[in-house]
Structures are given as C-alpha cells and as structure tokens.
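Chains: A, B and C, in written order; residue numbering restarts at 1 for each.
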Amino acid sequence: MSSPSDALPPHAQPSGVIHDIGYRPYSGPRLGDGAVAWSLFVTGLRNCYGLGRSGRSKILPMILIGLMILPALILVGVLVQARQVLGLDSHIVAYSVYPLTTQLLISVFVAAQAPALISRDLRFGTITLYLARPASRTTYVLVRMASLTVATFLLIAAPLLVMYVGGLLADLPPGRETERFLQALVGALLLAACLAGLAALVSAMTTRRGLAVAAVIVVLLVSFTVVSSIQGVSLETGNDTTGEVAGLFSPYTLTQGVQVLLFDSPRATPTPPEGGTMTLIYLAATALTILGSLGAMLRRYRQVA
Amino acid sequence: MATIQLDHVSRWYKNVVAVNDVTMTIGPGVTGLLGPNGAGKSTLISLMSGFLAPSTGSVTLDGEPLWRNEEVYRRIGLVPEREALFEYLTGRQFVLANAELHGLPDAGAAAQTAIALIEMTDAQDRTISTYSKGMRQRIKMASSLVHDPSVLLLDEPFNGMDPRQRIHLMELLRRMGGEGRTVLFSSHILEEVEQVARQIEVVVAGRHAASGDFGAIRRLMTDRPNRFVLRTGDDRVLAAALLGDPSVRGARLRAEGGIEVEATDFGRFSEVLPRLARDHQVRLFEVTPTDESLESVFSYLVST
Amino acid sequence: MSTAVMGTVARLGVRSVFGRRRGVLLFVLPLVLVGLAILVRAMVGQDVDLASGTLYGLGLAVLVPLVALIATTGVLAPEIDDGSIAYLLAKPVSRHAIVVAKLLVAVGCVLAFAAVPMLVAGLVLVTDEPGVGVAYAVGSLAGGAAYCALFALLSVMTRHAVVIGLIYLLVWEGLLGGLLDGVRWLSVTRWSAVIIEQVNDTIEISADLSPAYAVVATALAVVLGTWFTGWRLRGFNLTGDE
C-alpha cells in the first residue's frame, strides 16, 4: 500500500474492541472417551466397506462379498435340491474349510482395506488430528485394529451364515449344525484378528498405499505357498512334525490347525496338527500373532509425530 | 541474449482451459509473472520449461521449440514449486549430482560455487531431510544455477521464506537480472514482485491481462482517474483552482493537510498543475501519485 | 560423458531403492526361497523333479516377478509421484539414457536378489547337478529383465503401477496361466521356462513353446519396454501443485 498513512488526531488513543459476531464456544456436556472410541470404530468399519468414502471405493468390497457368498449359495442350493439324490449328510464344504478355500478373496480384501485405514492417515498427516483429540495413541491403534478385524470377520462369516441357514433349510440336524457353525465363527474371529494384525502392521510401515497393498498380498500369499509346499513335501516323506510346525507360519493354516485341535474340525491341510503339545504351541502362536502385531503397532505409532 | 517467446499459446485439459491465447515475450532482466491463485502461472512456467506441450501455439527459446528438446536444458535453470527433493542426499551431494547430470567438466567446483552463492556452505553436509523450508528453496536454487544458465525460471520461489531469506533471494535475482540473464519468477504476492521486477506479466484466469512496466500500465488505464496527493503552501487556493480545470474530477482537502486530487486526464493535468501553482503563487512541496502501485494496478485488472 | 551421467542416475537409483523401506522386502524374499530350499533338502534329499518344482513354483513364478516389481517401481515410482524426477529431466540428458540407467539398477537388483538366490537354492537342492541351479539363474535373469522393462513402462504410464503390476501377476500369470494354455504366448514366466529348458536339457517344465519364440519375445519385451518408457519420458507432464 503506498497511500500515505493518515496521521491520527493527537488526542486519540489506539484502542480495540472485539465485536460479537455470533461465535459461541461450546460449553455443554461432552461425551467421554468411550464415545470417541466407539465413533472412530464405527467409522473405520464403515470405511472398510466403502461407506462414507467415494463411490469407487465401494466397488471392491462389494464385489468381494458377492464372490465370497456366491459359492456358498451354490453349495447350499445343491445341498437343498440334491440331498436325497446324492445322499449328503452334511455340507459339501465344511464350515471351517470354507475360509481356507476362499483365502485369496479374503487376502485381497485385507490387503486393500488395511492401507486405506492405516497408511492414508500416516501419509497425509491427518494422524496428528486424531492424536490431538482426547483419545490417546493407544486407543487409536486399538480401535483401528478392531475396525479392520470386525470388517474382515464379517467378510469371512457372511458365507458361513448363508451355509448355516441353508443347512437348516435342508433339514440337517440343527444341534450339530449350530455347534459347528459357532465353532467356525470362533475360527473366523481368530483368522480375522491374525490377518488384520499382520496387514495393519505391514501398512503402518509405509506411507504409500500401493506399496502397502502389494506388500500385504505378498506376505499372505507367499507365506501360504511356502507353508503348503513344505507340508506337501513333509507328508510325502513322512516328516509330519515338520509340516505341523510349518503350519504355524500362515494365518490360514494356523487358525485351521487351532480349529482341528480344539473342535475336531475336518482336516483340510496335508499335515494337520495333533496332540496336546501341538495344541499349546498352536494356541500360543495365535496369541503371539495377534498380540505381537498389536504391540508392534503401538511401538510404531509411538514414533509418529 | 536469451528470449522466451510464447505465441498464441493455449493449453487445455478436457474442458478446463488453463492458458487462453497468451502471447508474451520474456527478455533479459527480471520479469515477474503475477496473478491470483489458479490463474495459470504454474502452467505457463511448465510450458516455458518444456514440461508441458501447448495445445495450440508455440513456445520457443531463441527460436527453438522447448517441447521434447533435451539440449535446451543447458541454457535453462528451473526451480520447481513442488517441495519434493532427494531427501536422503546431503545438500552438497544433491547439487553435485545436478552438476554431474549437466556434464560439467568440473562438477565439484561448480557445485561449491553455486552453494556459496546461496550461502549454504555451512549446511551442505547435512541431509536434505533436516533442512527447513527456506533452506530447501535455496538448495533448489543452487541446483538450478550450477550450470550457469542464461534463463532462470522460478515457480513461487518466495514461498515459505522468512524475511531475511527473502531479501537475500531478491538481491540474488536482481543480480542475476543485472548480469543479463533472463529471470522469470511467479508470485501472487504483490510486494515481492514490486521490489524485484519492474517488468511484469499479469495473468488472470488464464488470460494475459497486461504486460510491461507497471507504472506505464497504470497510465494506460485512462478510464480510471489517477489519484495524487499534493502538499502545498496553500491547499485551499490551489484546490479551488484545480477544480476549475476540466482534467480534474475531484479535489479533497485532507484533515491532516494536503490535497487529494482525482485527475481524469493525466497528460493535461501534469501540464496544468505547475501552471496553476505558479499563477496563484502557491508553492508545491510534494506531488505523490497514490495509486501507481502494483496493488492498485492489480486490483483494477483482476476486478474486470 | 554419457556414461558418467548414467552413473549418476544409477547411483541415485540405488539410493532410492535402498533408502526406503521397500528395500527390506528385497532382502526378505530371497531368504525365504533359500530357507525353503534348505528345508526341502533336509527332508527329502536330492530330487531333481521336486527341486525343479520348487524353483519354478516359488522362484520363477513368485520371487523373480516380485523382485522385478519392487526394484523397478522403487527406482521410478516415488520420484514420479512426488515430482522430484523433474531434477533428472531438466537436464540435457537423453531420456532413453535415464531409463537405461535406472533399468540397469533394477536388473542389478534382479541379479542380486533373484538370479543369484535361485542359483544358490538350486545348488542346495541338487548339489550333484549344478546345471539345474545355473539354468534357473539364467532363466530368472532373462525373465527378470523383461519384467523390469514392462514394469518401468507401467510406472511412467500410471500412478498405480504397483497395484496394476500385482494384479497382472496374480491374475494373468497366476490364475489364468494355470487355467488357460493360450496364456503362454504372452507370459514372461513361460518364456523364461523355455529358456531354462534350453540351457539344461535335464529339466522339463512342459512349456510347449518354440525356443526361438521365447528368446525373441523376451528380447522384444526388454527392448520395446525400455524404448517406450524413454519415449513417454520425453513427453512427461509436470505441473505444480495446483
């Protein structure tokens, strides 16, 4: 501004006043930390399925849910229609085996959604907005993992529900079916927790979403491929123990093994674990995977500004 | 002599026109590219640095087209707006790598000269990830100067600089311009452009709104009256006399002394004022144009 | 002068790949392969067919393309994404030279983290027949180079190069390659398999392609991929944040 400054009349003092333009601070009741955590949890869960995000992000989860349920529907349809003809006494594919068969879809889901929940906040710095709120760092990490776990659990459990209802409609013994279904739900929950933990940990290592997606898929796929080749070889050579130990290193075979040990579920891997020691080892490994990834995530987030 | 010539250049992407039929010549000296945010300044600089092709028209440096022409980079130094740098390198390594990529015979010496020029010699061995925003801008400048280019293009170079760094950069740009280089920098902050560049190119909404010395541009805007403040020996007498002349639209006596004059015909007014002052024996102490500033020029251009 | 310039670009590329966290994956994957080889050898002893299966299934089909993807995108994608590639492009350097220099870094990574581990794994699995390891190493290098060139082109064409490359690997080479036989004409892994068979007659992977076709196809992929990447870089659009 190059207009000459106006000289003030000598008797005026500089003063100021803040005008009331209607801004009011909020002094009403505030919900506590629990409500903050709950709303963060629900938002994360909805975001995993594209709700609350752009239209394009809804496509993949919806396609994956569809692809997960479709084979279940077909199997149930066959069961209902051709039960007498084929002499079927139970589901064609057992509850606990279904996630193992559809693992590629589950892996893709986790690989696509974990970075959306975790890497995005790190990349764009919005993490500081979360951490500046009443909820602590720990709460943020736990809630994010919980959202991802529940979202994955819903994906895995949806076809199981379809199978359960279909089984009841096909007049399979309800007591037995309910028991198996609930056991499979436990397995699904463990699987979801393991997958979510691993995927979240990998996603928290990098700010680039594309790389996080690729890394999660690589980890889940390669681990399963390696484990199944080892199990195949150990079955042929009679070294069953090696195969059983190898099963600890992929979440799919790990939770499959837990279900075999605890609930006597049908065996679906070449070298399913057996015996008391194996039970302890498998349970310990599951706990380690879930709690270990949680702990690593907390440590990682301690370093975030 | 390095001259950038844009000839009826337009650039559009889908149905957004970023640059609309712009013709301008950027010659030696410091030129400021001025415009509000989103006016197309970055697009113009990308066009002039060979990183965008014009949808129509031509962009040339001394007659050579800039698009898909790698050799032209011997003569151009570019300071991009985006902050991303090779974070894992030290300042020295970064400037040295740039020097090596230019194929300079003594890359190390050239790098050291450039670093000394922007006064980063003390910090050159720290990694760039530890640099502040102003330091990053300066190391970017060093990388663009290392090959002694005759053309320097800077996209919003004063972004994020503190006052001391800003003064230093302005001094540097003036010196570069004084050496005969063609320096073009873009900004939307008027004070920056005003202090460094007398020659400006104004871009508004993709169109080339004005170019040249901003005082001259102001005088071209004859539909807006020129404003002056006069400090005289007898305000009232002179004001009354001025109001009698058709080139004066208004005269106001200021409470703190002096006359504010609105003149519609600058040429006639500049002839009439001394004559009237002499005829009425009023001494003129000061005649100050009050709206020949860049800001008023700018606001006039942007508001149309 | 050109080699010195390429040297600078290559050095920057090496720092780019290993300066970021994705470099860790490059170390982990070959360790998994060699570890598996040791385990199988301990359990089964020396079995050429099993060795070939492992080296193909985990090595050629998984390790090589993944190493190529990680290395190539690591050398190109971050710079394109944040715009720092402007510093390489605003120089009087031929774009093709830049691409070749970066690809040399990527292929070097393939050599170090895929081909050599394949050789080691092959030697571990069948120590009596070193030819197996050598053949797989050669095939890995050839296939890896082709993958690098193709992923480089992908990196300069789209911002989502990593995901698209992964989808290509999973769907085209993995899923469809297992189901449909016609895929083999356009599958880099299959071409490498044929090359391996050529190098060492004792290996059989039933790739069902003429060796000449496989060699020419691989070479074409490398050359065309490199050339088109350079061509796209010549017309590279770089705009400001607005």
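Here is the rule we go by: a residue touches a chain if its C-beta (ideal position, glycine included) is under 8 Å from a C-beta of that chain, and two chains touch if they have at least 3 such contacts.
It should be emphasised that the depicted structure is a prediction, and the values quoted were computed from it without experimental measurement.
Visitor: Which of the chain pairs holds the record for C-beta pairs in contact?
Guide: B-C
Visitor: Farthest chain from chain C, going by mean C-alpha coordinates, please.
Guide: It is B.
Visitor: Centroid of chain B to centroid of chain C, CA atoms only: how many Å?
Guide: That gives a centre separation of 49 Å.
Visitor: Using Cα averages as centroids, what's the distance between chain A and chain B in whole Å?
Guide: 54
Visitor: Where the centres are mean C-alpha positions, what is the separation of chain A from chain C, in Å?
Guide: Centre-to-centre distance between chain A and chain C: 31 Å.
Visitor: Write out the stretch or stretches of chain B touching chain C in their complex.
Guide: Residues of chain B touching chain C: 37-38, 42-43, 45-46, 49-53, 67-68, 70-74, 76, 78, 80-82, 84-86, 88-89, 97-98, 100-103, 143, 155-156.
Visitor: Give every residue of chain C touching chain B within the complex, in rising order.
Guide: Within the complex, chain C contacts chain B at residues 1, 4-5, 8-9, 11-12, 15-16, 19, 82-84, 86-95, 234-242.
Visitor: Under the definition above, what is the set of chain C residues touching chain A in their complex?
Guide: 21-22, 25, 29, 32, 36, 39-40, 43-44, 50, 54, 57-58, 62, 66, 69-70, 73, 77-78, 81, 159-163, 165-166, 170
Visitor: Within the complex, which stretch of chain A touches chain C?
Guide: It comes out as residues 205-206, 208, 210-211, 213-215, 217-218, 221-222, 225-226, 229-230, 233-234, 236-237, 239, 242.
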